[in-house]
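Some notes on the structure that comes next.
Chains: A, B, C, D, E and F, in written order; residue numbering restarts at 1 for each.
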Amino acid sequence: MILIDSLSWICIVTGGLLGIIGGFGIHRFPDFYSRLHAAGIADTLCALLILLGLALQAGFTLVSLKLFLIFAFLFFTSPTATHALANAALHARLKPKLANGKKK
Amino acid sequence: MMEFILGHYNYWIVIFLMMLGFYTVISRGNMVKKIVGLNIFQVSVFLLYISIGNVSGGTTPIIAEGFTRYSNPLPHVLILTAIVVGVATTALGLALVVRIKEAYGTIEEDEIHDQDQSL
Amino acid sequence: MIEQQLSLLLVAVPLLAAPVASILPNGRLPWLLALVVSWLCLAMAIWQFIIVLDGHIISYELGGWSPPWGIEYRIDAVNAFVALIVAGIAAVTMPYALRSVEQEIPKKQSSLFYATLLLFLVGLLGIAQTGDVFNLFVFLEISSLSSYVLIGMGRQRRALTAAYQYLIMGTIGATFLLIGIGLLYAETGSLNMVDLHARLENALDNRTVHTAFAFIVIGIGLKLAMFPLHQWLPNAYTYAPSVVTVFLAATATKVAVYVMLRMMFTVFSFSGFVRGTPADEMFLILGTAGIIAASIYAIYQRDAKRLLAFSSVAQVGYMVLGIGFGTALGLTATVVHIFNHALMKGALFMALGAIVYRIGSSQIDKFDGLGRQMPWTFGAIFIGGLSLIGIPGTAGFISKWYLVLAALEQQSWFITATILLGSLLAVVYVWKLVEVLFFRETSKNSKIKEAPLSLLIPMWLLVLANIYFGIDTRLTINAAKAAVQLLGVAP
Amino acid sequence: MKHNLILRVIAKFLIPIIVLFALYVQFHGDYSPGGGFQAGVIFSAAFILYAIVFGLDTAERVVPPRVLQILASIGVLIYAGTGFVTLFLGGNFLDYNVLAEQPVAGQHLGILIIELGVGITVSSVMLLIFFTFAGRNRP
Amino acid sequence: MIYAAAALAILVTMGLALTRALLGPTVYDRILAVNMFGTKTVLLIAVFAFLSDRTDILDIALLYVLINFISVIAVLKLVEQGNFFTSGESTTNKMKSK
Amino acid sequence: MIDILIDIILLSFLAIIAIAIIRTRSLLAVIMLFSIFSLLSAGLFMVLDASDVAFTEAAVGAGISTVLMLATLALTKSYEEKPSSHRPWIPLLVVSVTAAFLVYGTIDMPPFGDPNAPAHQHVAPRYIEQGAKETGVPNLVTAVLASYRGFDTLGEVTVVFTAGIGVLLLLGGRQRRKKKKEKR
């Protein structure tokens, strides 16, 4: 029992921290694409960890099924949205900020 | 005094929100933005209702084991209806905006006013 | 069985008919349905009115739940009277609608148009019947939403901006009403009007209730086109299709006046919340200001529909005055004026609709000499105008008479003078119409026929009603007196 | 959207799940949050997604607007009709007690039926509104 | 306790995302921030469901994911194609990034 | 306690967003901010124990309203709001007076969350105590919505229906572009 509790603690805390890091990421990175990157990775992992932590608390019930569904949705939709977003930005000729600092 | 503030801060922020929405409606000339403002105004009124219906220490009014105190379901019902009314109004308002754009070529109230005056 | 369910069926039958009308094939079928339904409603409204006229109160529990928990329809003489007006106007407007709508609305939209018209009727009847403040809000929104659409169906593009303006102001009004209802609920825990009244008796000093009162009055005031809040009304009436103008002008503001009465007397107790407070003065000031300002505006209009619209704002001023007096005489005047004004504005706008049907415009400078080519329509405008002024022998006289009596009773010479001045101004703007229609030369090459019978008959029905109720006042005055008693003001 | 293969695949996969979720919300609304209105909106959201990804024409082939309009009317008729049925069974308007032998069973049945009516109307109206907006100005 | 901590962390992230949505600078940044904000709201609701011990409100979180996805897709459709009727084969690209 | 904290933080987020909406000129950004506003207010509804309302607000405000606004934007092609030439102080005056009235009204209001407030004492207890027994539905909101106040819901459905046919009437017909002159 303690094992599961502590596991879920770890998961949730890491998830929360990752979320905050991602939040800083979209401020600290210089241009849109790198922000996308930060948001994309940190976001999905943060969601995964938090939902996993919650599922551990809930045990093997309908609740964890719902949590799994939420995660599945997030897992599919978040990258899709991110992908579509990157696509759209590229399509609109939004130039990445390159090393030499030239912007569109 | 402290107790009074703690007991009413929620209403006050909600009133502030309401007034932001109301201000958007009456001060902006852009028709889409007016409708956004109207929505904010209405949502804030919904928040007022839900605040009224809240019971501290209560839970959402779905009967379940282990809970004895539930928040008041009646404001929730009223607000469900009001939300629907709100979206219906929004849809109609936006439809009118689209038609106005087609007829006048603009959705700024000032310009429409000028066009009507010059007729 | 029908008798017990009557108060409900009055609302439920058109409610059932509206979705049916929307899926009927375009053409005359939806119109026929609307016609039958509106006549059925009139029959039910008359029946209901007869039941309650002797002081009987119908209480109908929707869903079988007893009042404070469920929604109640509570019909007394006031509700029944207002429902009768709405159903009556609908029943007269529907035959008129056929030709007028065929001309103004594309044929492929006719079924949807009649469905919306029926929904408008549902909303108004629902407001009139209900005894629950939130149910009132819902039906108010049904009627408002359908009226926004109906106004937007006008042929000129300004109809769209008029509808939009009305939508914004109407929604603000409805939201204010919603805030008021919410605050009332927070203080009492009830939504039923009678129950609210009982629970507000000992909350006279409660500041929340005062705020609720203010918000409800302003919210309804917007719907009512009470003087400084009337900006939506002239445009809406001017650019809406003729039928819609007739219906809107004859019913919508009247129902709003009724809601105001209901709120002031049934929900809040007038003597507790209005008398002796700034609200009391406010009503009188706004009423007089409305009468004078709107009448003067009316004189300067170049569009006949707009002229009458401003006249409507002025007439609303009379009703507000009656409420402001808060005496039995004042209320009688208001209730009678609700009825009489529906009759005269119905007739006048129908006549204008007939002119629009023939010449396609409501600009006064295009009316030259039209009265001689369309004598019956002109007759309707003439008699309707007399009634608007308040010449003895017409319905308009009765309500003005009671209002003057009420003012004299209060020994308020200023207000008496205002009422008379308002009538004088009405003479000016009615004369403006009559002069152009009858005494100007007809432009030579125009050959304009009299309006078709299907427009003339409903129009003259209302005109004759104007004369009839100007001579035989038993029905209106008795109804108004019964109404006033129920509102709790000692005679 | 160009190059949107991923979007299409995901949408194809998601839409049935959304519809399933809508049905769950519709019929499980007695026990958990939700009900006819919410279900109707979710249902229409599924089709809106379909229309956005696969094009309005395709979506309108699946559910023609005329059908939607009729469905919208049918929903209201189901609701109001339930009221009339209770009238004929001797109760007041919308008094579901008379719908079954036991009042509580009648209530439950009545609530299910009217929620269905709400769901049908809301989903079709929302979809209809979206189609009308999206289809305006179509070449 | 742990739920409260998680809720706080999520709130902080939401605040950060919100500032990005307000600052922009491009429309895509805003969409990105809105998307992130939506995801975090979902998590907040899931956490709150446990916090208040009413796990049946997890349905709402499920709904949020969907709605959030749809609105993001709708914004992209508008930005990319400027209309809602094409199926995506043609690109009219009426609106450049702001 | 954490409830109150979440409540306050979410409310201030809402206020920030609302101010941003007033100040932003780009309509696309306004609409996206509005979408967040709805989503967030739905979250707040949930924190205030109104899960059904949260459900609806999320589906309607963030879903349908946003999509419709975006569709409107696509049709009107107006992405920027033009600066208003109105004088701002008249609306400001109206708003301040209204706000003052409301704040005056809240002074006598029962404290937030007070279980002894009149709103929770009169009609509501019956719903909570008897609702599930009388209707067989444990979700009290559904019970009240569909049964006790079923007629309101019929009205609500009628409102939706009205909006549907209203939009069809206003936008359904094919555009009549050629007749522009006639329309004046």
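Basically, contacts are C-beta pairs under 8 Å (C-beta built on N, C-alpha and C of every residue); 3 or more make two chains touch, one makes a residue touch a chain.
If you're wondering where the values come from, they're calculated on a predicted model, not measured in any experiment.
Asks: Spelling it out: a chain qualifies if it touches chain C and also touches chain D; which chains qualify?
Replies: Both chain C and chain D are touched by B, F, going by the contact rule given at the top.
Asks: Hey, which chain ends up farthest from chain D, C-alpha centres compared?
Replies: C
Asks: What chain lies farthest away from chain B once each centre is taken as the mean of the Cα atoms?
Replies: That would be chain A.
Asks: Can you identify which chains form the pair with the largest number of contacting C-beta pairs?
Replies: By contact count, the leading interface is B-F.
Asks: Could you put a whole-Å number on the gap between the CA centroids of chain B and chain E?
Replies: Between these chains, centre-to-centre, one finds 21 Å.
Asks: Could you state the distance in Å from the CA-based centre of chain A to that of chain E?
Replies: 12
Asks: Would you mind pulling out the distance in Å between where the CA atoms of chain A average out and where those of chain B do?
Replies: So the centre of chain A lies 31 Å away from the centre of chain B.
Asks: For chain A versus chain F, what separation do you get between their C-alpha means, in angstrom?
Replies: Spacing between the chain centres: roughly 29 Å.
Asks: Could you tell me which residues belong to chain F and also touch two or more other chains?
Replies: If we look for residues of chain F contacting two or more partner chains, we find 31, 46, 49, 51-52, 54-56, 59-60, 63-64, 67-68, 71-75, 77, 102, 106-107, 109-110, 117, 119-120, 123-124, 127, 138-139, 141, 143, 145, 147, 149-156, 158-163, 165-168, 170-172, 175, 183-184.
Asks: Using the touch definition from the top, which residues of chain E touch two or more other chains?
Replies: 8, 14-15, 31, 52, 54, 56-57, 59-60, 62-63, 66-70, 73-74, 76-77, 79-80, 83-84, 91
Asks: If a residue has to touch 2 or more other chains to count, which residues of chain B qualify?
Replies: 18, 22, 26, 52, 59-60, 62, 64, 74-75, 78, 80-81, 84-85, 88-89, 91-92, 94-99, 103
Asks: Quick one: which chain pairs are touching?
Replies: Pairs flagged as touching, ordered by label: A-D, A-E, B-C, B-D, B-E, B-F, C-D, C-F, D-E, D-F, E-F.
Asks: Any idea which chain C residues touch chain F in the complex?
Replies: 15, 18-19, 22, 62-63, 65, 68-71, 106, 108-109, 112-113, 115-116, 119, 122, 126, 134-135, 138-139, 141-142, 145-146, 148-149, 152-153, 155-157, 179, 183, 185-191, 199, 206-212, 214-215
Asks: Which residues, counting only chain D, touch chain A once they are in their complex?
Replies: Residues of chain D touching chain A: 1-4, 6-7, 10, 13-14, 17.
Asks: Please name which positions on chain D make contact with chain E in the complex.
Replies: Residues in contact with chain E: 1-2, 4, 7, 14, 18, 21, 25, 31-34, 38, 42, 45, 48-49, 51-58, 133-135, 137-138.
Asks: If we count contacts the way the header does, which residues on chain E are in touch with chain F in the complex?
Replies: Per the stated touch rule, the residues are 4, 7-8, 11, 14-15, 18, 21-22, 24, 27, 30-31, 34, 37-38, 41, 44-45, 48, 51-52, 54, 56-57, 59-60, 63-64, 67-68, 70-71, 74-75, 77-79, 82-84, 94-95, 98.
Asks: Spell out the residues on chain D that touch chain C in their complex, using ranges where they run on.
Replies: So the residues of chain D in touch with chain C come to 69-70, 72-74, 76-77, 80-81, 83-84, 87, 91-97.
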